[in-house]
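Both complexes below contain subunit A, partnered by subunit B and then by subunit C.
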Partner chain A sequence: MMGSTSREVVRAVVAWLLVALFAFPIYYWITVAFKPERDIFALPPKLFDFNWNLSSFEEVFGISFGFDKGLEVLPGGGNFYMLPNLWASIVIAVLSTLLTVIVATLASYALSRMRIRGQHHFVFFVLSTRMMPPVAIAIPMFFIYKNFGLLDTYTGIILAHALMNLPLAVLLLKSFFDDIPTEIDEAALIDGASRVLIFRKIVMPMALGGVAATAVLCFVFSWTEFLFVLTLTQTSFKTVPVAASTFVTSTGTAWGNMAALGTAAMIPAFIFILLVQRNLVRGLTLGSLKQ
Partner chain B sequence: MNPVDRKLWLASLTDRFARGQMDRRSFLRSAAKLGLGAGALGAYSHLSARSGLGLISPARAQEQNIEWPEDMTNWLKEAAKPFAGQTIRLATESTPPSNAINSALKGYFTETTGINVEIETLPLEQVLQKLTLDVASGLGTYDLYYLDQSWMAAFSGDVVDPREKYESNADLAMPNYNIDDFLPALVDGISMYDGVMVGVPYDIPIFIQMYRRDLYEELGLKPATTMAEYLSNAQTIMKAKAPEIYGTTGQMKSGHYSLECDWTCWLWAHGGSIFGPDGKFTGNDEAGIEAMNYWIELKKNMPDAVTSWTWDGQGQSVAQGIAGQLISWGEFFPSWDSPNGSNVAGLMEATVPPKANSLRAVDETGYGEIPGVGHQGGSSLAVSRYSKSPDAAWLFAQWATAPETQVWITVLGGGTGPTRSSVYDDPRVKANAKVGIPGTTRHLDAVRETIANHMGSEPDLPEWTEISNDIIPVELGRFWAGEYDDPKTVMDTIKQSVDNLLAS
Partner chain C sequence: MARTEAMTIRSGLQIAHAGDLTGRMAADVPPSMGGAARSTRRRKFLSDTPWPWLAPLITMLGVFALYPLFYNIWLSFQEFLPRRRSLEYVGFENWATMFADSRMWEALQVTLLYTGICLAIQIVLGMILALLLDSDAPGFGLLRGVLTLTLVVPPAITGMMFLLMEDPQFGLLPFVLKSLGIMDGSGAILSDPTLALWGVILADVWQWTPFMVLIFLAGLRALPKEPFESAMIDGANVFQTFTRLTLPMMWKVIAIAVLIRGIDLFRMFDYVYVMTSGGPGTATYTLSLYAWQQTFSFIKWGYGAALSLFTLFIIVVSANLFVWAAKLKW
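Up next is the complex of A and B:
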């Protein structure tokens, strides 16, 4: 009995240590956002014992939280105002995810249920487009976008992110649809249901977990994508990863502001994952057991 | 309106105000509708100092009561009439002048001329990528180029010579612009390539000698006048204060341009040069190896982490108070005087770099290289040959580098060294030479003298971007990581790579 209890305690301690190991960098990053500038690089590092303040957030979001009123009013703000960039990130990630999921769902259902000549090669071709390094197509895309008037536009970036995510989304969703027995479709067909009806009313609800998992991946990829946004935008807008690079100046890096933006940028992704969490767990385990 | 909406609306107003899309009067009028009145300026004005990074808020500009000369305003209004409504774009590194213009000054230009200015601030490597793409495509997506001195040769064919521009159209030539006011050494060092003036000198970060006055006084040290004294000072500090305070510090990250900057300083200081008159790499000659051996000795007095630091880490190490002295970018200096971000506020002093052991003459080097301990990293502002609005861009370039604008950039606390002689003498600039304020200009005498007498300039050749950003810092990084047995081997390797590149 004692042995069993000890084992459980050890297991719990190890589990917590592992959690701490992974959570610590996030904690440290968040504390940087709340630290005064001079404490960020203090040696030894100040993990808890520092004057928490919101000045980095105030600069990044251009909103007064009422702190630091006694400070001398001198340089700050201006270039580091990032609220519009956060909004641009949300719009682009949500819309590109939506577009990807809609197109990928239809494509993958067709690939899963219909037999076409050379299907295997087609699927491999879809996957191979994902193997191409983005840097290889960024510059050609720049020229294409310039000619089509898509440079520096939301539409352009949403399309680029959707194109980037489609191959993976199609393959992921195809595997989820493959896991749903075709007998269900056949039974519905016998009952007179059309393919569209079967897709909408029967298969989609069963594959929602997979769709959620795919959507999360697409959202996260879009949320963190750097190269296309850097290459295909100019002054109209920037997403968070590219905007964050502006904290790197010729006279140093604004680590506090960067951490404030990074901390704030975690929130929308966190909310999105929370919203789809129930389906996500189902999606991640879908097909893990043999029927 | 509920409090949340009010805050959001205020944030939106503040954004437009910060971006220069709204004048102060409109901002206050709109804010008044929220019941905030003049207090709305507090949404900006309370923001804490970030002077270390050369960032400037509109509120800072308001505090300074910037008044532009009437003749400048009248001329800009008149000259810009045909271009009102045009938009010009500039991709630039986030430097003190760019930040000052973007945050606090360009509103005046737009309001006066009707020309919209969009400034994209990015890290230096990304600016290079953007400009390369723009030039390769010839699409003119940017009207103005921010050109680092190491890119001059590569972009010299893609810009309009400002002298031609100034002389070709009297209507667009700003009165009293006075090109001769730019420090001659800078025009030669950062703006000229093969007889072409690639752009107008825009900013001038340059290596000066900086040290902790309190440590020097405690240990009885004097600012070094020779390279041997500089090493000796570092060793003395190290012996007395390590590991709390190191003798010196560095920017020696493998593969980063900053490592190349440090190397050239020591190379030039020991009578070496990067190239010989025959255009071959000479960093592996006797003087080059002597410089490497000096650097090895000096590094023993630096924190181990220097090999992972660029200029950012180097500046931070001083701000944290763990470095006693350094020869590096003078534009760091104002940030260390800021009590909010530094542990050494008021403790740092600036002076010219130590004298070189020997200095190779310019005609013994190649590609216009100018040896000097004060490595300069200046930049120019150039009008793109592919611009759709070259005249509007030229007006902006003149205004951005005009004496009055440079005075305000300097006074607002950016930290950069002005490129015009008259700005150093301006009473407003001199009045800011105080201890303990973030925008101090008390290092500028050292900057000016270094430009005049100690400045070193990198060679100008189209391949220099690759050599300085890739070949040299990568191999030096491998050396400091212990992959080479001795300095001669690494220098020989660099020579082989560089000479092969140039031969091909």
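Up next is the complex of A and C:
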């Protein structure tokens, strides 16, 4: 079977090349973050042999990495000082994930375990809310928020992101609960345990992996969300994707700073997604495909 | 298939683990039950009625999805009058304007074109990559991991990444294309009316083809092995095996990927907002961007509302039809 070995080699080479093609833009973006301005604009592009420095990161984080002087905090408030936006992104992603997961866990447990008239229709209603274009919610939400003083507040964005992630979380968690045999609940019910007790002591511990996977996906989607933050905030704060878009100015774009911020923003999301790789496909397909 | 075996073993373990837990419960329950009347009351309250469990979800969806939806419908029958600085009832005027608005039809065309092209490329490319990566040879796990990298980049940042790479003066892509002799002249991609949409499609294909790859890979790995073995014995070639066996057995997986990706493509906003703002001219206006700009850039609140509702209507109706026709279940 000489033919099959050489075919495997060709396959491996082609696979590596294609994946490298997909990884390349990220590599390039990271190099931009480390390049001095001159090298960003150099043609032919300097992919490996550029003079790297940390000034883009220093401006974005407001920290000086002077190697002889040690770490030094620069006075904040420069145009590219983005630490507050990173903080805002974290607060919003964490709190909206928390809210989503709590609401969705309760609901999907009921949808998975109890007899509900029109259960099928309700699930489809939830699925339909996943289909709605964000713009059709963001426009009315802007006016509603304005009336209720929620515009430009953390509460407003957290609620909007929670709403955005709820359909995903409910459908995904329902699929995880459906995997746990109902006989377990029934046995415990016969023994006299209450629903709450079963939920807390039996079903939840068994579904914990699924809950974690759901939380990670909600976090990532909130972290990367653009339209709601763009529409529902004005001056008080911005999350990273929207803040990065402010680097495009009439006098030119600060590519180095933008790439530094983008690089910093990718890292937490990527670490999280690797943690749930086993359940990733299930999450991306709203619980309909199991890995 | 080693993979399937591992899966059954795992779920077997899970059930054994579950039995173990029930055993512990049985020992656990009596003391907690012997407690106060409070727990009995709570039990009665929550035992078999699902509504307390569903109430937070229904409240959230009601307040943040249905209320804005109805508000939007109401808004589409109003218009903001800058002279009086107030909203006025205008009846069906916005809706009539919309169906007579050639820019709206252009935006719809661009949106459909964008959705169709991206879906086609992502399905074909995704399937090729998935077939390539469906191997247990060393290194392939790492490759699959690397591919997930693109999925977590915020789309707005992806847009800016490609904005830099497609820059006519110092962008990587025009430079490469010019050196290869494929492209000549100014190197304009995003400011060229015929190329601009392709420049945006490139960003989308880069970011979301791995989404297809991961889904297709999961589908491929769940396929039973026997039909493929007998096809090999019967002398079927690779192409025949793929079209007669793999594709038919994968159709549900493909349908789900098409549904989810199709929804997201049709409502796409981030890339065009960041990369082109709809330009040059109307070459890259999607419905979502057009609606958003009408409301927030041109202060036509009611008209933007009507446009966004039209977008919503098209997506929800066609996606539900698709779910029904493909017999997808949740």
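Methods note: the second predicted complex is superposed on the first by the 237 of 291 C-alpha atoms of A that agree within 3 Å, B and C clash if a C-alpha of one lies under 4 Å from a C-alpha of the other, contacts with A are read in each partner's own complex, and residues count from 1 in each chain.
To be clear about the criterion, contacts are C-beta pairs under 8 Å (C-beta built on N, C-alpha and C of every residue); 3 or more make two chains touch, one makes a residue touch a chain.
As the structure is a prediction and not an experimental result, all values here were calculated from the model.
Using the contact criterion defined above for the overlaid structures, shared-chain residue A:F80 touches subunit B, although it does not reach subunit C. Look at A:A213: by the touch rule set out above, it reaches neither subunit B nor subunit C. Legend: residue contacts after superposition of the two complexes on their common chain; A:M266 is shown touching subunit C, with no touch to subunit B.
Once the two complexes are laid over each other on the shared chain, residue contacts for A:L43 go to subunit B and to subunit C alike. In the superposition on chain A, contact is made by A:S245 with both subunit B and subunit C.
Once the two complexes are overlaid on the shared chain, A:V32 sits against subunit C while remaining clear of subunit B.
Of the two partners subunit B and subunit C, more subunit A residues are in touch with C. With both structures placed on the common chain, the touch criterion links A:L150 to neither subunit B nor subunit C.
Contacts of A:Q234 after superposition on the shared chain: subunit B is touched, whereas subunit C is not.
Contacts of A:A136 after superposition: subunit C is touched, whereas subunit B is not reached.
Comparing the two interfaces of subunit A, the one with subunit B and the one with subunit C have residues 41-43, 139, 142-143, 230-231, 245, 248, 253 in common.
Taken together, the subunit B residues at the contact with subunit A in this complex read 7, 10-11, 14-15, 18, 42-60, 63, 89, 91, 93-96, 99, 102-104, 118-124, 126, 129, 133, 137, 139, 141-142, 205, 311-312, 315-316, 319-320, 322, 329, 331-332, 335, 338, 340-343, 412-415, 437-439. Interface of subunit A with subunit C (complex): residues 8, 11-12, 14-16, 18-19, 22-23, 25-26, 28-29, 32, 40-45, 102-104, 106-107, 109-111, 114-116, 122-144, 159-160, 162-163, 166, 170-171, 174, 179-181, 184, 187-188, 191-197, 201-202, 205-206, 220, 223-227, 230-231, 240-242, 244-245, 247-248, 253, 255, 258, 262, 265-266, 269-270, 272-274, 277, 280-281, 284-291.
Those residues of subunit A lying in contact with subunit B across their complex are 36-38, 41-43, 55, 58-59, 61-64, 68-69, 71-81, 83-84, 139, 142-143, 146, 151, 230-231, 234-235, 245-246, 248-254, 257. Across the complex, subunit A is touched by residues 11, 14-15, 17-18, 21-22, 25-26, 28-30, 32-33, 39, 42-43, 46-50, 53-54, 56-57, 60-61, 64-65, 67-69, 71-72, 75, 129, 132-133, 135, 137, 139-140, 143, 145-157, 160-162, 164-165, 169-170, 172, 175, 179, 206, 209-211, 214-215, 217-219, 221-222, 253, 256-257, 260, 263, 266-267, 269-270, 273-274, 287-288, 291-292, 295-296, 301, 304-305, 308-309, 311-312, 315-316, 319-320, 323, 328-330 of subunit C.
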